[in-house]
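This is the structure, below, for whatever I ask next.
Chains: A, B, C and D, in written order; residue numbering restarts at 1 for each.
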Amino acid sequence: MNFSSDNAYGVAPEILEALQEANLGAAGGYGDDELTARLQTEMSRVFERDVIAFPVVTGTAANALALGTLVPPHGAIFCHSEAHIAVDECGAPAFFTHGARLAPIKGGGGKLDPCSVEEEISRFGKGVVHHSQPAAISITEATEFGTCYRVREIEALAALAKRHGLKLHMDGARFANAIAYLGCTPADATWRAGVDVLSFGATKNGALGADAVVFFHQEDTRDFEYRRKKSGHLISKMRFVSAQLVCALEEGRWLARAAHANALARLLAGELAGTAGVEVAHAVEANSVFAYLPDETIVRLRARGARFYDWGQSSGGRTLVRLVTSFATCETDIERFVAVVRPELVKSGRGA
Amino acid sequence: MNFSSDNAYGVAPEILEALQEANLGAAGGYGDDELTARLQTEMSRVFERDVIAFPVVTGTAANALALGTLVPPHGAIFCHSEAHIAVDECGAPAFFTHGARLAPIKGGGGKLDPCSVEEEISRFGKGVVHHSQPAAISITEATEFGTCYRVREIEALAALAKRHGLKLHMDGARFANAIAYLGCTPADATWRAGVDVLSFGATKNGALGADAVVFFHQEDTRDFEYRRKKSGHLISKMRFVSAQLVCALEEGRWLARAAHANALARLLAGELAGTAGVEVAHAVEANSVFAYLPDETIVRLRARGARFYDWGQSSGGRTLVRLVTSFATCETDIERFVAVVRPELVKSGRGA
Amino acid sequence: MNFSSDNAYGVAPEILEALQEANLGAAGGYGDDELTARLQTEMSRVFERDVIAFPVVTGTAANALALGTLVPPHGAIFCHSEAHIAVDECGAPAFFTHGARLAPIKGGGGKLDPCSVEEEISRFGKGVVHHSQPAAISITEATEFGTCYRVREIEALAALAKRHGLKLHMDGARFANAIAYLGCTPADATWRAGVDVLSFGATKNGALGADAVVFFHQEDTRDFEYRRKKSGHLISKMRFVSAQLVCALEEGRWLARAAHANALARLLAGELAGTAGVEVAHAVEANSVFAYLPDETIVRLRARGARFYDWGQSSGGRTLVRLVTSFATCETDIERFVAVVRPELVKSGRGA
Amino acid sequence: MNFSSDNAYGVAPEILEALQEANLGAAGGYGDDELTARLQTEMSRVFERDVIAFPVVTGTAANALALGTLVPPHGAIFCHSEAHIAVDECGAPAFFTHGARLAPIKGGGGKLDPCSVEEEISRFGKGVVHHSQPAAISITEATEFGTCYRVREIEALAALAKRHGLKLHMDGARFANAIAYLGCTPADATWRAGVDVLSFGATKNGALGADAVVFFHQEDTRDFEYRRKKSGHLISKMRFVSAQLVCALEEGRWLARAAHANALARLLAGELAGTAGVEVAHAVEANSVFAYLPDETIVRLRARGARFYDWGQSSGGRTLVRLVTSFATCETDIERFVAVVRPELVKSGRGA
């Protein structure tokens, strides 16, 4: 019953097998290898156009390197006030951009609303030397609250970005979960909608440590490679990172794993929604469930070994918690969890 | 016959097994796991004192994070003019220190000589606000030329560092090869000699991607963890990096693998030294052989599939090349290589 | 009728005289001169304790150097959402701190409310490596809206800062105007209330280009001098900057000039407050008047040569404007301005 | 007898008068004023083409802002090992470029030799991601040793720079002294020879605090203005800095003052060269004299109040000293100095 994070469970078995296979013979270092070449091919196939994909080992590195390449030191980056880049990266975007400013904006369900973004942009005088200069919008897909931007919502933000001369970055740490939910093509949710660069996450979706910065336009990659090296993110035995990504993309494994996680989140949410005293807080579209649980239920769950994070302070006897499912979550994990939440439903022989 | 780098060959089988084992069940993220705890224990055992070890995935990250933690933005770092931090990290130390200056110093065999360092330090006026301020000395063990500082040489540089109030950093990307050669304890070559922080390399020695920053003094770790996170180097599934390091340290595997690589380098050097027209350039103490080969020999070798790097421009019909052995190099690799260098020695049925 | 900024009018005559006097004979460079020594004495006299004062030539440099010295790259700085450091310095605090994050907080009248600050601080998990770490609070005295924190308000914010281990910085670009209004001692409004470092502004108050970073605690000055040099702010002929500051402090000239500007702001506000269709927006305590003027009045004023900035967009036929008085503003400037606003009051022979 | 620096003496009287004149009436802030506009006109006249000139208050700021605008964080800057940017700016170029590397090169008389520069450039593999990338050459005119590059020497370095795709920066803290010596036009020594950007110094030549970054190509100025603001170098009452520069340029005053300083340096050098036991170390072309003086002479000089810097350690009873003349140095200063060096020549009634 570990719902603490999609990082809690380890590595998908097929990924470990891919590492074994990658280990035959010698190969060039720093990406000069066959698997990294295949990664370009696979990514281009999946996105239906030539893309440039750079493997890295953390989502923070992917986001910060993408933004560092696109945003000058005097730039401003517009993002949701709960975005990972704003609250969970200890200032990595500022470090990699050499000082650019984050402009966090509130918005329902973890999503940015174009009107709010436009209003915030207008507060930064374009061309006024005293002000940080609007340079990029960053959105998270799926969002930090387990919701998904629809394609037309991404298009609206992209149109806004283009109108103001900004780049559009997508933090796709859970991109697989979003695509599995939306049912659209990866292309539709990204470059066709106007996204310039994507942090493609595989780590939360069963990889050991493998994300990729995917650029849709060659001209945007400028000095990316120097920035990656200079930040210590050029992996010497890169083939073992590329292997994880290739394995995920081949045969649609990335989407199958994400669909599984999503389905279990929906299952969990459905059970919770039907429970007295429990309230599900956001639309459950990807692999996270946010719910207000009675504090006594929370105590009981933890006593039974359930792991999850509080997402706010207790109020009125209830606390908002985050429950994350993953590729490795089983239906019995859900059943056991629900059994503790609703003990009256437990049949003989079930429960923790 | 791949002598291009100790990164050319992949992962030691026992390391891959360790990854498999690490994959059982759920675990905390970002280092809150049992394997990372065991890493502290193993490192402390190996170094015979309590140390603080932070796993990262590249040697550049290890060096840059170590220096970033110890050196202020207005500091100067004294290192060999051929040090990895000076020539092969695209300015990573400057990035992580927010602008500190490298002061490269020439020295025979890839080693710093205390007199030259002292002279260079004296050129930076201590306390003079116009000058970058001496802050650290960085040495590489084994050096970029395959030689090893003796313990007393490290002690002399450490004494110099202490006298001037500087920290002593050791880039140990090939620390295992040095210890295997020197036959001393890891403690003797580091903190007992006066080293403050060590970049402990496992990647070049059979790991998939695992190095560690090892601090010998708690008070030096100050804001290391924030720096690591901010630079995108806090690995979410850290147990898989720790597992590689633990596996290497247990049962002395790291030293056994390094001893093997060293032995093959000596074997290769011995064969080359006895060849007319070939000259070995540095003492062969770790796992690199630097040799002047006739240009025609080089052409022949490459035609037969041998891989290695030139280390200078051709002069007088010869070129300096670097030949690196690794944990995975076999005696037959050496034999085949030598057979191409000295075709007159090849018996029937051997060669490429 | 130039009410655009306290920078619009030039240099007080006595300041220019002080420059003439400073020009006799040779002197040491970079602050090794008698006038810079006198500055320490004068500042210590004015603040009733030993302080360390560093002259610089812009307020942005003063703020950014002060914050850079006190806040680590992974730190967070809490400030008002309209603070100069947040909106008018193009990211200087991020540049000088090497990436620290600004956390802007809304608050009435340009002032921070301790409750709002505490709430915001609590959103940054102290010691959680994923989050920027609370490091400083920065307040502006007088504020960007011409209001002044009372001593007890400063004390409350200082207590909050101390409780959370934060430093308290005061942007005193208009510190003279605040002290002239409050009538308290400079010590009461700063270190006695708990301020750690003050950006003391003289430029807006009649100097040519002279502000000072005033530290109240020696231990906070650590590497300030290296940071100043490295950022190009160590002035070679520093005596000419120190001379301006000494001249201002001697015989209370700084307060006399500020009191004059404040008085004219009050005069202007009084006249405007009594005008139909005009509304004064904030308490007029220092030398700025914020007022909603009918758009037609604004057109008429500008046609007559009045200069001032709009401070928002027109709404309901009115626009918020900012009117700044200075040491050089005359009563007749006010009279002429008011005459255009209220033409019915103009007697013969007056007006623009 | 102050020969310590060209900063030792204060401000030329005409510069102070220019400040008085600049103080009439109100003006726009931050360069939106008539004097800053006139500066563009004057600079363009002096350089015989449209240039873009940005006033700043220190030479370090001018150099660092110029380099920051032209050199990326992963770039390398080639300069003389004794260049001001290398030894006297506490790492400012690294700070403003966000980490670029200085590659100091030795060279006789403070000058870079194209062959040495080319050799050093070749050590940085162009396009190799592990290496800092060659980005700019910086030369000092007049050099730190009081010598002057000839126009054809500048052309040779510029040709080298162009061939490798590098920018050419000129640190002209003593540009006036160089032009006064060379007798060529400012255009010939800069853009016609291939210089891209010039740090034009006026502070050492009688200004209070006024240098300028002069770009010869509009496209190179990109984000200069944001960098200047962000580093705290956008002066609010900029007209007072521009006034100093305009005053210097008008009627050739800058060259007249520099010619005076040069002449006195030559006078001093001539006297010293004819003295037993004294040796002049470099060609005396600008306003510095480097000479080996007997240690006992040095003691005697200082006892008589002479001020100057040692430029090395005593050896064989002599020490290299630097003697700098300025616009304000008088012939009697030279006479008095020489009288102490050669007491046998002193007639009655002279001496200190």
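Assorted remarks:
What we mean here is this: a contact is a pair of C-beta atoms (placed from the backbone, for glycine too) under 8 Å apart; a residue touches a chain by one contact, two chains touch by 3 or more.
Bear in mind the structure is a predicted one, so any value in this text is a computation, not a measurement.
The chain with its CA mean position farthest from that of subunit D is A. Looking at A-D and B-D side by side, the one with more C-beta contacts is B-D.
For this pair, subunit C with subunit D, the centres built from the Cα atoms lie 35 Å apart. One simple way to say how far apart two chains are is to compare their mean CA positions; for subunit A and subunit D this gives 52 Å.
Rounded to a whole number, the gap between the C-alpha centres of subunit B and subunit D is 43 angstrom. Residue positions 73-74, 89-91, 95, 98-99, 129-130, 226, 229-230, 234 of subunit B are each in touch with at least two other chains.
Listing the residues of subunit D that touch subunit A in their complex gives 30, 72-74, 98-99, 129-130, 133, 223, 225-230, 234. Interface of subunit C with subunit A (complex): residues 73-74, 87-91, 94-95, 98-102, 123, 129-133.
Contact residues of subunit A toward subunit B in the complex are 2, 4-5, 7-11, 16, 19-20, 22-29, 56-62, 64-65, 89-92, 95-96, 203-204, 208-209, 226, 229-237, 239-241, 307, 328.
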